Structures are given as structure tokens and as C-alpha cells.
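One chain, chain A, links the two complexes that follow: it is found with chain B in the first and with chain C in the second.
After this line comes the complex of A and B, so read on.
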């Protein structure tokens, strides 16, 4: 009995330590975004809002965030439009070929991004896609697609295909049965892959650095460039804090309205 | 011409021949039951009729119209799936009215038909329930209502009772027949359960390995089996089958005279060579001057008692009313077959008439 209690306590301590380890960077960023010092220091030297003011005035960061949001949104939409029918095809067409196809679709997950990026630069320079929005979106779609296909396929594995058959016998065309029965059934997979895909696109530095060009500098690329030239800019810390706050608010709202965490 | 006419349906899955040139006629307002062991092709046939599968060859007409030219969604055939296949993201009302909404039926008409069908399946008050909150029996009724509301020309039911517990089955069985008969709907039901088949079907079609083994009224196929497969499939406990080889049973010489005496058949009707003698357990009764046997095991199943015994070197079951006589294991027993109750089958299993 005593031993059990001891193990319970150890468990709790370990869990707490892991949680702390994960949370500390977030806390540090929030606290430091209000630090009056130009340089990183902990504990902070004084309270200021000037970094936030500077951010609101800074066009470059704002444009970069806008670019990131635009690229992520477009990439997710197109990846869903391609990935959902592809997954449905793999699910319906139960043959050895579909197995090969599904592992082929997942293969970008295994490839080191940097290797792929190098190939992409050369290829893009031939077809004149370097620095274009289309080129960047296309690359991000390839990054997102494996997540979409993986998650949608896993949702589809819970679909009782007789519900689709039932809809058909009740008078629904195959298209209508897809919209009314299949889509609602795979909604969890679609929502999660959209969220994941959005984060993958928003986070990507490797590929975007290689092919973004000057016109389409995404937020992480802009930050990376600044970091390389100026060092750790308190402005970047403030921007990160804003993004984080934004993410937390969205996550909480999504939880309240769709309780999305149950799909994870 | 029959209401539903099926001719020469062939269906292969890869290398497996599932249906081998099947013919079937269903009369209007009849309930036809497709009965058979699993893998006999009965569900495949049902799905072909619904249009969920295409046959490799053959033809089908429903009410005189070529069915194979009509896409699934326009066939107007109701289908009740084995696991109900209710739409999990819709409530009871949305499930039931789905078929009317996709057909763009007017709101008032939907309301009216919903009320009627809910009353029919006794689900009034459950409209807004989630289907996952319903019991198996209620889910089954939703599935039935969903198929009925489109006023189908033909209803197909795939093992509709197999997911219900035994107690519920009897009442649901009666209920389904009552509803189908009340609405005068032609129906084809698939089952592997002989009791369901016998009690629900106007006509029973017994299938085996993609072919029809026998079809007819339940009474006829039970009392007048065409072959050994049908005789063995129907009846519980199973019919007793005794093999006779040139007048011998398990090496015991019985001879035509004895066989004639036991079965009540004319000596000339008893074939030479190898054949099978079939007699149902309920047609064996104790008789003092009968065939001698030994009781191996006694099973009391309520009103009836099954007496398992060794008879002429084979295992045999006799079914008697419980309580009349005391039977105990190891005792000797003498039994006789009721006159005219024995079937003879040739070595290929075909009935010798």
C-alpha cells in the first residue's frame, strides 16, 4: 500500500517536471515580451509595451504574417481538395495498387526536408516557379498532403460503408451520398488535418527559405533572417507572444464550439 | 410473369463463383425468405437486386421493367442492413426522412409520412433521439422505418434479426411480418436461421453454394425435401441419416425385408447399392418390438426431450415429450420409425421418390 503511494507521488512529480519543461519557453516568451531591456535577461529588468508598439508599426513583420496566413490557408484548402478524394479512392479501391499509392502519398513524411528542398530549387528554376506564390503553395501542399491523407484514411476506417449504401438505396446519387454521409463521417479527420496542415505550413522554415524569394517572405523565414543578421530581436519575441496568445484563444474557442480535442 | 423475375444471374468474386446462374420468381405481396449457410451467396443476391453490386451476367425485371438499367438511387427498393447502417450523425427523424429529403419531397408530405411510419414502428416520441442512444430493437425499427417511408416497391432485409438478443427476436419477427403484410409490401429476406425462415416466409428458398437447392412453402420444404442438404439444413435436432451399403449398416446386415419393416416402405422401393435413410427425430418413438439401441445421452429442452442413442452402429436422436417415460443413460431402448416418415436419398444426396 505504502509502496503504491510512493510510486504515485513519483509519477506526479515526473509529470509535473515534463509539463514545466514544455511550458517554460512559453512563459519566458510572454514575460520577456514585456522586458524593457534591449537584450535578453531573466528576470526582466522593467515593464514595457514598446515592443508591441514597435510591432504594430513594423510593416515587414505584419506583411510576413499576412503572407504566412495566406500561404497556409491556400495550401490547406487545396491539400484538402486533393487529399479527401484521394483518400476516398484509396479506401474504396481495395487493391495492391492502392496500398502502394497510399505509402507513396505518405513518403514525403520520411524524406528530410532539406534534401527535398534542394531538388525543389533546381526544379523550380527550370519551370520558373521560384519566388512565386503558386510555387510556395505547391510546395506546402506536398508537405501537408501526407497528414491529410493519413488522418482522413484513419477516419474512413471507422466508416461503415453500408451507411453509404443505405443512402444510395434511399435515393441519393453517389455524389450526394458522399456529401451527406461520407463527409460528416470523416469530419474529425478533416478538421485535425486542416489544423495540422495549417501549423506545418505556418512553421516551415527549410523549404520556404529556399524557394520563397523576396516577395513571399513568410513569417518564420523573416524571423530567421532577422535572427541571423540582428540577433535575438525583442520585437520578434513580442510577435511570438502575439501569435501564441492568438493560438491559445483560437484553440479555446474551437474547444468550446466544436470540442475538437476529442478528435485528437 | 412474376412481380420480380430473376434469370441466370452469375456473379464471381475473383476466383470464387458466388452465384452460378440463379433463377428466382417473387410474387407480389409475398415474403420470400432466402435461407442458407453463410457463404451461399444469399446476401450477394440481395445486393445485386438492390443495385449495390452488378451481376456478371443475367437479367432481372421488377414489375415488368428491366431492373439492371436502373441506377441504385432510382430503383425505389428499400434495404434494411444487417447492422442497420443508421446515419450516426443524424437523429431518428433525420435518419427516417433522409430518403424523402434527397427526393425533394415537400415539407407537409414529409411530416405526414413521418407520423404514419413512426406510428407503424411504434417510435413516436423518439424523433429527436440520437441513434446511438437507442436499444438494438429500436435501432432496428428506425432502419425499417427509414426504408418504409420511401414506399418501396420491394423491401430487402439482410438478416434483420441477427443483431437482436434471443428474447426480442420472436416479437420482432412477428412485428416485421405484421407491418409488411399490413402495407402489402413484397419483400425478400435473407437469413441463416431456419426458424426465422419457416415462421416469416410465404415462400422459402434454400440456397447452397450459389445455387437454389429447393424452393417452396415452408411446410413443403420441411416435409418434402428434394435432397439430403435440405433435409439436414431444416429441423432441430437435425434429421437422422443412416447410410445403407448393399443391405448393410455399419457392417450389420439388415436386408431389404428388415428395412421394409422398419420404414414401412414396399420392399421393391428399397434400392440396391449405397443409399441414405433419413428420419426426423420426432418420428422415432419407443416400441417394444422395435430396433434395439442404447441410450448415450439425454437432453431435456423443456417440453421436449432429446434422447441420443446408438442405433444400428450410428448415432441417432429421438425426440419425445418430456416426462412421459423416464430415459436414463446406459439403458437399452427399442424404437420404431413412424410409418411413412422415412426419406430415401441416393448416394449423391438426391431424394429417391
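After this line comes the complex of A and C, so read on.
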């Protein structure tokens, strides 16, 4: 028994060290966002809130974040509007065709984003979508749609369809049966794919760097360009810290209320 | 429900997918068979195999592919080694705590690649967090160069894609029947025997699923190698980006990425055939 406890403890120490490694970038960003020095220094030279103040005064970053928020919100809404009916169709239509279609819907997860992006810039340059909000939203919908369909389908697999049939027999219209029975059943899948999809769109760098052009810079693209050309900017560190803080709160709430880790 | 109705429900999503996902792939393939004229995005009409012949014959492209493969292989192996103890630890917690730890693990991923990369940049810089700590405790006397090296890129990749291994691994650990392990222990099997004969073989599906996800992500990653490699570590993603967005050589970037995908597909086909043969032999 003693030996078992010892091994358990060793395992716990190693596991927590790996977890710490996972969180190093986040911790470094939080600590350094309060550093009064213009350049990175550890230990920090002094405590300051000036980078946060500069962020609040900085128009470029505020615009970039607004662009990102707008694109993520629109993309999630459209992806849900397209994805929920599509999943229901796949669920209801038990035929080889729907199997093929469902793997087609999930295929963007298989193909590396960068390969698709190289085709996308060529296509967008012809249909004049490069650098437009519509172009970015359309591409982000494709990024989100597979998650919506996968998560909604997995929620649907718990739905006993006899309850829907019973409701129909008792006189409910098919629309009412969908609203009262199907929708509540897929609620966790919808909520979690909405949150996860929002994060995917809000943080996407690869696809957006290719098609964002110069006018519609989302915040991660702006950060990427800056980091590659000018190196580390304390203002960008403060922006990252703010966004990370929001992300942590959202992730913990999603876990507390919908135990989302089971679905991811 | 009539199949026609089900199809109508899928139709809008299907149109979106074809318009924005499938059609661009046709453009990609078509462009890879066209010639490149410097200074313009328009290719002269006509079909050419020149791009692919160049790719096969020029050792530079092979060196980029090989470096990508090497970095991805090392990162995947390290991820496997690191995620095993973490997954074992997580799988032994109660459901609620397990959820909390799994959320912590995925946090970097949903926090976004850019924020992680920036954090690593500050950590791995010449006078960044890691070098400051190592210098302060006297482990090194000169700062180590991490940025612009393969090591730096690998550190970033390991942290970026570790969750993709922990999730499938934890779920296959959770499926192991405790009674099997207890029975083996009762019958006198040691800790290592239990691990090598029971636990590890039973988690192989999780290990395989995680490894494929992680390996593919490493092979085609772009943000991490670009930011932490500082342009000095040319891998698939950075070279494809450079040719597509800076040199504007779309025929090359298209054929370069298609050729890479074909190589990966061939390699995975060979690996899966070999694995099946081995499994059959062991099964007999």
C-alpha cells in the first residue's frame, strides 16, 4: 500500500509539472503585463498599470478587437443556422448518402488549414472577397461548421426519437415537436459549439493572415504581424492578458455549467 | 422523415461548404499545373508539370520537407511522453476535478495560438524568462539561444498541441476496466508488467488517435514555427506562406502543398498497412 501511495505521488508531481509547462506562456504574459519596464525583464522592474491604460487609449488595438468580435459573432450565428438543420437532416436520414455528406461536412477538420488557405486566396482574388468582412466571415463559418455538426450530432445521439413520435401522435406539429423536444435535447451541443466556435474564429491566425488583406485586420493578425516585424511590444502583452483573462472565465464557467470538457 | 426533406435541411450548409471550401481546392489543384511568371499573378494558359518536376528534383524542397518531418516527429514523441503521466493523473480524479483539469489543459488552445506564441517569445528570448531564471540559479553562464532554433520551435509545438493527445488518451484510460488491473496485481504482476501488458496496450487506440492528430498539426503548423523560428527555421507552413504571400508564386505554393499532402497520405497508408500486418501476426 505504501508503494502504491509513493507511485501515486510521483505521478502527481510529474503531472503537475507538465501542467505548469502548459501554462508557462499564460503566466509569463500575466506577470509581464504589470512590468513597468519598456523591455521584457524578469524579475519585473516594478509594478505598473500603464500598459493597460495605453491599451484603453490605443485606437488600433480597440478597432482590431472590435473587428474580431464582429467577425466571430457573425460566423458563429451563421454556422449555427446552417449547422443545426444539417445535423438534424443527417440524424433523421438513415442512408449511405447522409453518411457521405456527414463526412464531407467534417472534412475541413481533416485538411490542413494552410493548404485550403492557399486555394482560398486564389479564389478570393477572383471573386473579390480578399480583405472583406464577408470573405472573412465565410471562411470562419467553414472553420466552425464542423464543430457545430459534430457536437450537435453527438447530442442528438442521446435523443430517444420515440419521444418526438409520441408528441406528434398527441397532436404536436413537427415545428412544435422540434422546438419543445429536439432543441432542448441538443442545447448542450449548441451552447458548447457556439462558445468553442467563437474562440476558434476570434483567435484564428493562419486562415485570417492569408485573407485579411490590410483593411480588415483582426487582432491576432495584427499581433502576428507586429511580433514578426517589431518583436515583443508591452502593449500587445497587456492586450493578450485581458483577452486571456476573459478566456479563462468563459472556459471555467462553461465547465461549471455544461461540463464541456466531456464534449471536446 | 422523407429523404427529400432531410436533404433540404442540409442544403444550405452544403452550398456554403462547396462555395467556400470545395471550389478553392479546385483552384489550388488547377494552379499547381500552371506556369509562374514573376511579377504577375496571372499564369499563361496551358498545362505544365514543371512545378512538380522541380519539386521532385530540387533537393532544397526535400530539405524543407525533411526538417518539417524531423521537428514534427520529435515534438509528437515528447508530447506522448509528457501527456501519459498527465493523462493517468487526470483519469484517476473524480469527475468534477477531472473536468477542471481537462479545462486547464485545453485553456492554452482556446486562448489562441497568438497569445501562446507571444508568451513563448517572452519566455525564450535572449534575456527572456527562461534564460533569466537559468542565469540566476547559475545553471548557465551565457544565455541560450532558443528563438530561431529547432529547439525553440519544438518547445512551442509541444505546448500548443499537447491537449490533442491528452484528450483521447484520458478517455481511453477511463475505459480500462479496473478489475483487469486489480486481477493482474492480485496474481502477482509488478507495476511495470501491468503497465506494459495491460494499461499501455489498452490505451493504444487513444495513443494512435492522439499521435495522428498531433503529428498532422505539427507538420502543417504555421504560427509557431514562423514566430519562434524567426524566419530561420524553414518548414512546410512557413515556406508555403512565404511563396504564397511574399513571393506571390502561387503555382509553386500550390504544388508545394499538394505534393506534401500526397507524401503524407502515402506515408500514412504504408504505416497503416504495416501496423495491420503486425497486428495480424500477433493475433495469430
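The rule we apply is simple: the second predicted complex is superposed on the first by the 248 of 264 C-alpha atoms of A that agree within 3 Å, B and C clash if a C-alpha of one lies under 4 Å from a C-alpha of the other, contacts with A are read in each partner's own complex, and residues count from 1 in each chain.
The rule we apply is simple: a contact is a pair of C-beta atoms (placed from the backbone, for glycine too) under 8 Å apart; a residue touches a chain by one contact, two chains touch by 3 or more.
All of these numbers come straight from a predicted model, not from anything done at the bench.
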| item | value |
| --- | --- |
| Clash or fit, chain B versus chain C on superposed chain A | fit |
| First (chain B), second (chain C), both or neither touched by A:194 | neither |
| Touched partner set for A:169, first chain B, second chain C, both or neither | first |
| First, second, both or neither for A:24, with chain B first and chain C second | second |
| First (chain B), second (chain C), both or neither touched by A:160 | first |
| Which superposed partner A:65 touches (first chain B, second chain C, both, neither) | neither |
| Chain B versus chain C as contact partner of A:152, first or second or both or neither | neither |
| Which superposed partner A:12 touches (first chain B, second chain C, both, neither) | second |
| Touch count on chain A, higher of chain B and chain C | C |
| Chain B and chain C, minimum CA distance [Å, superposed model] | 9 |
| Residue numbers on chain A that touch chain C, as the complex places them | 7-8, 11-12, 14-16, 18-19, 21-29, 32, 40-43, 81-83, 85-86, 88-90, 92-93, 95, 97-98, 101, 104-105, 107-108, 111-126, 138-139, 141-142, 145, 149, 196, 199, 202-203, 205-206, 209-210, 220, 223-224, 227-228, 231-232, 236-237, 240, 243-244, 247-248, 251-252, 254-255, 259-262, 264 |
| Residues of chain A touching chain B in the complex | 160, 162-163, 165-173, 176, 180-181, 184-185 |
| Residues on chain B engaged by chain A in the complex (per definition of touch) | 50-52, 71-79, 81-83, 85-89, 98-99, 102-103, 146-147, 150 |
| Interfacial residue positions of chain C with respect to chain A in the complex | 1, 3, 5-10, 12-14, 16-17, 19-21, 23-29, 31, 41, 82-83, 85-86, 88-90, 92, 98-108, 110-123, 125, 127-129, 132-133, 159, 162-163, 167, 191, 216, 219-220, 222-223, 226-227, 231, 237, 240-241, 244-245, 250, 253-254, 257-258, 261 |
